[in-house]
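Labels run A, B, C, D, E and F following the written order; every chain starts at residue 1.
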Amino acid sequence: MHSDLTNMERAEVLTAALPYIRRYAGKVVVVKYGGNAMINDQLKQQVMEDIVLLWLIGVRIVLVHGGGPEINDLMDRLGKKPEFVDGLRVTDKETMDIVQMVLAGKINKTLVNLLEMKGGKAVGLSGMDGRLLQCSMKDERLGYVGEIQKVHIQPVTDLLDRGYIPVVSTVGCDKNGNAYNINGDTTAAYIAGALGAERLIMMTDIAGVLKDKNDPSTLIPQITLPELPSLYDSGIISGGMIPKVECCAKALSRGVRNVVIMDGRVPHSILMELLTDEGAGTMVSNGETPDDRQSGWE
Amino acid sequence: MHSDLTNMERAEVLTAALPYIRRYAGKVVVVKYGGNAMINDQLKQQVMEDIVLLWLIGVRIVLVHGGGPEINDLMDRLGKKPEFVDGLRVTDKETMDIVQMVLAGKINKTLVNLLEMKGGKAVGLSGMDGRLLQCSMKDERLGYVGEIQKVHIQPVTDLLDRGYIPVVSTVGCDKNGNAYNINGDTTAAYIAGALGAERLIMMTDIAGVLKDKNDPSTLIPQITLPELPSLYDSGIISGGMIPKVECCAKALSRGVRNVVIMDGRVPHSILMELLTDEGAGTMVSNGETPDDRQSGWE
Amino acid sequence: MHSDLTNMERAEVLTAALPYIRRYAGKVVVVKYGGNAMINDQLKQQVMEDIVLLWLIGVRIVLVHGGGPEINDLMDRLGKKPEFVDGLRVTDKETMDIVQMVLAGKINKTLVNLLEMKGGKAVGLSGMDGRLLQCSMKDERLGYVGEIQKVHIQPVTDLLDRGYIPVVSTVGCDKNGNAYNINGDTTAAYIAGALGAERLIMMTDIAGVLKDKNDPSTLIPQITLPELPSLYDSGIISGGMIPKVECCAKALSRGVRNVVIMDGRVPHSILMELLTDEGAGTMVSNGETPDDRQSGWE
Amino acid sequence: MHSDLTNMERAEVLTAALPYIRRYAGKVVVVKYGGNAMINDQLKQQVMEDIVLLWLIGVRIVLVHGGGPEINDLMDRLGKKPEFVDGLRVTDKETMDIVQMVLAGKINKTLVNLLEMKGGKAVGLSGMDGRLLQCSMKDERLGYVGEIQKVHIQPVTDLLDRGYIPVVSTVGCDKNGNAYNINGDTTAAYIAGALGAERLIMMTDIAGVLKDKNDPSTLIPQITLPELPSLYDSGIISGGMIPKVECCAKALSRGVRNVVIMDGRVPHSILMELLTDEGAGTMVSNGETPDDRQSGWE
Amino acid sequence: MHSDLTNMERAEVLTAALPYIRRYAGKVVVVKYGGNAMINDQLKQQVMEDIVLLWLIGVRIVLVHGGGPEINDLMDRLGKKPEFVDGLRVTDKETMDIVQMVLAGKINKTLVNLLEMKGGKAVGLSGMDGRLLQCSMKDERLGYVGEIQKVHIQPVTDLLDRGYIPVVSTVGCDKNGNAYNINGDTTAAYIAGALGAERLIMMTDIAGVLKDKNDPSTLIPQITLPELPSLYDSGIISGGMIPKVECCAKALSRGVRNVVIMDGRVPHSILMELLTDEGAGTMVSNGETPDDRQSGWE
Amino acid sequence: MHSDLTNMERAEVLTAALPYIRRYAGKVVVVKYGGNAMINDQLKQQVMEDIVLLWLIGVRIVLVHGGGPEINDLMDRLGKKPEFVDGLRVTDKETMDIVQMVLAGKINKTLVNLLEMKGGKAVGLSGMDGRLLQCSMKDERLGYVGEIQKVHIQPVTDLLDRGYIPVVSTVGCDKNGNAYNINGDTTAAYIAGALGAERLIMMTDIAGVLKDKNDPSTLIPQITLPELPSLYDSGIISGGMIPKVECCAKALSRGVRNVVIMDGRVPHSILMELLTDEGAGTMVSNGETPDDRQSGWE
C-alpha cells in the first residue's frame, strides 16, 4: 500500500470511481478465473479483493474457475500417466474422479474460503449442483470430456438473489449421472449467456489481442464481431487465441453485452477494467454499441 | 419391486402413509448419513430415493455426510501414512487437503448427483460455503481436527427456502482460512439444532440402543434424557454408543424435537421411521412429549 | 388394509410412486366427482383419502361435484313433482331453491368436512361465491337451467394459493341474481380450462370408452381428438358417453392438457390413475403428446 | 332517493363522512346480521348496500348470519315436528341436515349473491370450511346444538387478505365430523374476538338497551362493563337482552374494541352507526376508552 | 353543511355514491389544480377535502399545481420587473429562483400540509425530485421556460404504491442542473400519460367548452377527438381554450382514458364529476368509448 | 485529481477501502449538512459526490440541511428587519413564509438536483411531507420557532426502501397547519434516532472538540458520555459547542450508535471519516463500544 498517499488523495480516487460504480451496480459480471492469477498467490489475493469490492458496490458477480496445474500434480502423485488420442488427453473414469476432487473439492472451496476471508459471502457450485451444467460426451475416444447441452442457471440466480458470490467449478454431468470435465472458457461463456451478463471477463496470461504477438504495445483495445474474419485471415488471431475469441463470440451470441480478454498477470486488472476509463485488455463486442455508458439522462 | 402387488394394494399403502405425510410436511428433518448405507450401493440408492420422496411430500430435508473409507483409500494411494498421538489420528495440512477433496469434491457432489438423478433438486455445501461451519483447533497435537465454534446456518436455510435439498460435507474453517475435519455426528447435531429440526436421524450400523449388544431383539425403542444416567451406569450405553448418545443429547438441548439412532443397514429405514407407526431404531427425546402427533384437532 | 405387508414392502410401494409424484407436484388436477363414488360410503371415504394424499404431495387439486340422488330425495319429501318439457326436466324457482340447498348446503359442506377429517384443508364454493360461475338461461321452457357465460376463476386460484382444496358445487348465477342449476361435467371442463389444468378426471360409473359396451375388457385406454369422428360413426361413442366426450373435447380446447374418463366404482381409482403406469379408464388428449412425462432432463 | 338534493349537497354529505371513513379504513368490523333486517326485503337490500360501501372505503368487513324463520319453514314443509326438552328445542340429525341446508346452502349463498349484485366481492363460509368453527355438544339431550371449542380463523383472514367479504353461516363441526347448530350472537363474538375487531355490530329488533323497555327515547347510548351489575340488578337488562349483553362482554374480553347493540329495523343503521357522530343503538365497551377517535396527531 | 339533513338522508347519499366508488377504486386520477379554486380559500379547503375523500375510497390520486398570482406577488415585492419578448414573459435566472421558491417551497408544501390536515397522507415533489420532469429550453429568448423532454415517473408511482398522495409542482430541470418553469396543463398531461391515468381533470375558471362563450347553459358535455376540427373551425374552441384542449388531446394520445375540463369555481366539482351521473364540465375522449362504465358483469 | 496516480495505485486505494465499505453497507448514516461546506461551491460539489458514493456502495444515507445565509439574503431583499426578544430572533408569519420558501423550495431542491447530477437518486422532503416533523411553539414571544413533538419517520424509510437519498429541510408543522422553523442539529438528531442510525455526522466549521480552541492540533478524537461533565467543567466544551454536544447526547440516547462532530471545511471529510482508519473530527459515543468494528467472525 502506498503509505505516502494522503487520506484526501484516497478520497479523490474513490470519488473518481463513482461513474463506473454507477454503471455496474446491479449488473451481472462473470469472471473466468485462470492462468497465472490462479497460481501466483499475491495475484490470487488481489483478484479475491477485487471480486469482493465489486460485490460490495452492488455488482452481481460470478466466478468461474478451471483447475490449473493442481490436477496434473495429483495425477502425478497418484502415478497416473496421461493418455493421448490424436494428441488430445483422455479423461478416463479414474482421471475424472481426480478432476472432480481437485476442482469441486480443493480449488472451489479454497476460493470460497478466500472470498469469505476478504469479507464476501460466497457459495461454491459444481455443474452437478442443481444440475447446473448438463453435458454429453464430446468424443468417445476422449472419455469424460463434456460438451454442454444445457445450462440450468437457477442455482446461480438463486444464490445471486440471496446475496452470494457464486463460485462455479467446471465439472458437468450427464443424464446417467456421469461426471465430465468441461472447458473453462466455454463454461464461462454459457453461464454469462444464461445470465444475460453485462460483461464477461476472461483472465489470461497475455495482454489481449496483439497486432504483434511479441509486442504488448500493439494491443488492440476493441474488436467487433464483423472485424473477426480479417483478424483471422491476417493471422493476428491465431493459435491459442482462436478458441478464446470463439468463446467470446459464443458469449455475445447468447446475449452477453461485451467480453474482455484481459491480462490476469497485471495486479487488480479486474478493478482497472471495470472502474477506470482505460479498461484493460481487448474488449470484444457486437459492434453496435461498443462502449456506451448507460446514463439516466436520455 | 413386488410385482405381485396389485395397483389397488399400492393405493392402499399410499393412503396409509397419509397421516405421517401430514405430520412431517413443512418440517425440517436432518439425516446424518454414514456407515454401511454409504458403502453398499443398493442401500445408497434407496437412501437417495427415500430422501427425494420425503422432499417431494414437503419435508424440508438436509443431508449431512462424512467420508467413510474413501479418505483412507486416497491416503493409501498417495502413500500417506497415518500418524497417531495418544492413539488418535493426526490430521496434518496434507491430510486435510485429501479430506477436503474427498468430502467436498467427491462424495458431496456424487450424492448431489444421485439426488438429482432420483428427481430431487440438491445443492452441496461445505462448511466453507457462506462460512457455514466456523471451527477452532481442538488439540494442537492432532492438527486440523476442528471443534465447531459457530454455525452460520443462513446458506442452509437459503437453499431450503429456494426448494433445494442441502447436502453438507463435514469440512469446517477457522478465522485464518484453515480447513478442518469435523466429526459428522456433531456437525449434524449442530445443524439440526440451528434449524430447530423436528427430527435428527443418525444412521449407524447397529439396530439402535440394545439391552444386550448381541441381541437385536432387545432394542430399546425410546429413551428419554432423564433415563440416560442409569443406562450409562448399567453399561447398556457403552463404547461407540456413548459419543453417539451424547450427540443426541446435544441436539436435543439445542432445540431439536427428537433424535433417532437408526439402523442404516435396513433398506428404506428412513421411510419406515418417518412413515410408519413402528418407526425404526431408538428414539431419544426430552422425555416431555416422547411421541406426540401434531393434530389439527385441539 | 393388507396387514400382511411388511414395512419394507410399504416403503417400496412409496418409492415406486416417486416418479409420478414428481410429475404432478405443483400441477393443477380437477376431479369431477359423481356417480357411485358419491353414493357408496366406502368409495366416498377412499376418494377423499386420495384427494388429501394428492394435496399433501403438492398437487393443486380442485373437486367439482354435482348432486346425485339427494336432490330427488328432498323434492320427494317436499311433495314436489318433477315437470317435463319435451322429456327434459323443468327447474322452477322452488326446485332451484331445493337444488341450491342440497348442493351448496348439504353435499358441499359434507365433502369439505370429510376432507378436513382426512387431514386436508378445504373450503367450499358455489358459483355465487366471487361470482365464480356466471350463467344465462339455456332454454326458457326449462327454467333455471344455466349455461355458463363466464368463469371468474379468481376465488378458486385464491384458495389454491392459500393452500386449500377448493370444493365447487354446480350452482351458478346470472346478472340479475337468479340461481341456476348447471351441468356438472360442463362446469368441471370450464373450471379446468380456466385453470389450464394438467388433468381433468371425470368419474363415472363405467370403465371408460369400451369397444363393446358390455365387455369391460374392450376398454380403449387412449383416444385423441382426431380419432373422435370415426368413434362416433362406429357407434362406439354413443348414448350418455357422447356428452361426456364432448365435455372432454371442450376442456382440451380450453387448455387442459388431458382428460380421463374414469371408473369411479374402482377403489382408489384416482390414485391409480395418477400414481401408476397403467392409469385407469380412457384418456382423451389432443393427440400431439398423448402421454409424455415432464422430465428435468432435456 | 331524495331527488331534491342537489349534487353539491350530495358532495357535502360525502365530505362530511370523511373523518369516519378515515377512522375505519383498514379496520375489522364484524356484523351479526339477523332479525327484521333479514326478513324485510328493503332493509336487506340496504344492509347489503351498507356492507358493500364500507368494503369499498377499505373496511375489512365480515358478515355473520343465522337462519331466521326459513329453518322453521322448511321443517314445516317436511312435516318435521319440533321436539322439546325442558322447554328447549332438540336438534336431531335430521333437523341438523335441514339447518345446514338452509343456513349454508340457501341463506349464505343468497347473501353472497346480493353482495356481489351490489358490487362487492364476497365468499361464503360455514364453520366446516377450513374447520372454522370447532364445536362440541352442549347438552346431550338437546342433540346437535354446538358449543364453540375453538375458532380456526385462518379462512376468514385469508379471504379478507384477498379482498373478499367473508359471509359466515353459524354451522359448526366436531372432531368426528358431526355438524352442529350454533348460536349466532356467540359465533359473531368469537369471530370478532379472533380477529381483534375494531367493532362488533349486533343487529336486533330493539333500539338498544332502554331504561324503560316501552320507551325508545330512554335509550342508553353507552354502557361500560363495570356498569353492568347495577343494570342487571335494576332489571334494565333483562329477558332476551341478557344473553345479548353477555355476548358483548365475551367479545370485549376476547379483544374486540367495542360492541354495538343496534336497531336493525332502522334503514342504513350500520352506515349511520359508523359514519356519523350520533351513532346508533347502545355501545358496550370496556370503559377505558369509550369513544376515542384514532388520530394521526398525537 | 345542511344541518337539516337527517342521518338517513345522509346514508342514502353515501350509498348512492356506491357505483361510482366501485368504478374508480384503484384507478389513477390526475388533477390539474389551478385558477380560482387555488385562490379562494373556501374552494381550496373543499378541493383538499375532495382529494382526501377520493384517496380514502381507494383512488390513486395525483395533484399537479402551478403557481398562480403568488409568483407575481413575490416578484413585485422584490422589485423585479417582468420583461417581455414578443409579448411573452422572460424567465431569467433570478426569476426562476423566485418561481422555484414559490412553487416548490411555498405552494407545494402548503398543499401537502392542507391534505395532511384533512386526514390524507401526502408528499410533495418537484420535477427535480428523482429527476421527475426532464426539460430543455423552449426558446432561448424566453430564458428558463422548459419543454418536457422526458418524464421519469418512478418517484410518483413509488409514492402511490406506498399510499401517499403525490403533489407535483411544475418545476423541471435539464441535464446541466438548470431549473425551468413549465406549463402546468402540459405537465399534468404528461404525468397522467406516463401513469396511464383513468382520468385527467383540468380545473379552470370556466364552465367547460361552451357553444356561446357568454352562456354557461350552452355547455357541451362531451367532445370526441374527431369532433375537434369542426369545433376549431366554428370558433367554439378559441382563445385560451385552444391550448387547454390541445393538452387534452396530448394526454389522450399518451394513454389517458379521458380528460375533463372542469369549472373549479363550483364547490366540490371534483366529487360531483367523479361520484355523480351528471359529471361536470366538458369531457374529452378518444371517441371510442366515451362514457363506458367498467362492470364486473360481462 | 492527481493525474500522476497510476491505475494500479487507484485500484489499491479502492481495495484498501474494502473493510470500511463492508462495515457500512446497509447501515443508516445521517449527515447534518451546514456551514462552509454549504456555502463554498467546491466543497458543496465534493459533499454531494461523497454522499452519492456512499449511496452507491450501499449506505442508506439521509441528508438533513438548514438554511444558511440565504434566508437572511431574501429577508434583506424584501426589506424585512429582524426583530429580537431577549436577544433571540423572532420568526413572525411573514418570516416563516420566507424560511419555508428558501429551505423547502430553493435549497432543498437545489441539493436534490445536485445529487441527481452526480448520479444519485434523491427526493426532497420537508417536515410537512407525510407530517414528518410535528412541532409545537417553543416560546410564544419567538413566534414560529418549533420544538419537535414527534417524528413520523415513515416517509424517510419509504424513500430509503425505494432506493432514494432522502434530503430533509428543517421546516416543521403543528396540528393546526402552521409552519415552523426548527433547529437543524436537533432535527438531525431526532431523525437519526428515529432511524436507529449507525452514525450521525454533524458538519461544522471547526475541527471538532479542541482542548485549546485556537489550536487544531489539540483535537480530542473520541469522547464518551461519562466524560462530558468534566469537559463542561474545564471549559473545553463551551460556547457554540455546548448545544452541538447536547445534540450528540440526545441522538445517542435515542439509539444512534455514534455521532461525529466533523470539520466540513476539509474536502471529502465524510468519505475520510467513514472510509479510512483515522476518521475525522471528534466522535461522541456511549462509552461502551467506542470504536468496535462489526465482524462476521465471532
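Note that a residue touches a chain if its C-beta (ideal position, glycine included) is under 8 Å from a C-beta of that chain, and two chains touch if they have at least 3 such contacts.
This one's a predicted model, so the numbers in the text were calculated from it and none came from an experiment.
Fitting chain B to chain D on C-alpha positions gives a rotation angle of 120 degrees, to the nearest 5.
The most distant chain from chain D, with centres taken as the mean of CA atoms, is A.
Of all chains, the one whose CA centroid is most distant from that of chain B is E. Chain centres here are Cα means. That of chain C falls 54 Å from that of chain E. Averaging Cα coordinates per chain places chain B and chain E 67 Å apart. Within chain D, the positions touching two or more other chains are listed as 116, 131, 296.
Listing the residues of chain C that touch chain B in their complex gives 1-2, 5, 7-19, 21-22, 25, 46, 49-50, 52-53, 56-58, 116, 118-119, 266-268, 271-272, 275-276, 278, 296.
By the touch criterion stated above, chain E contacts chain F in their complex at residues 74, 77-78, 97, 100-106, 108-109, 112-114, 116-117, 121-126, 128-131, 155, 158-159, 162, 164, 171, 173, 176-177, 179.
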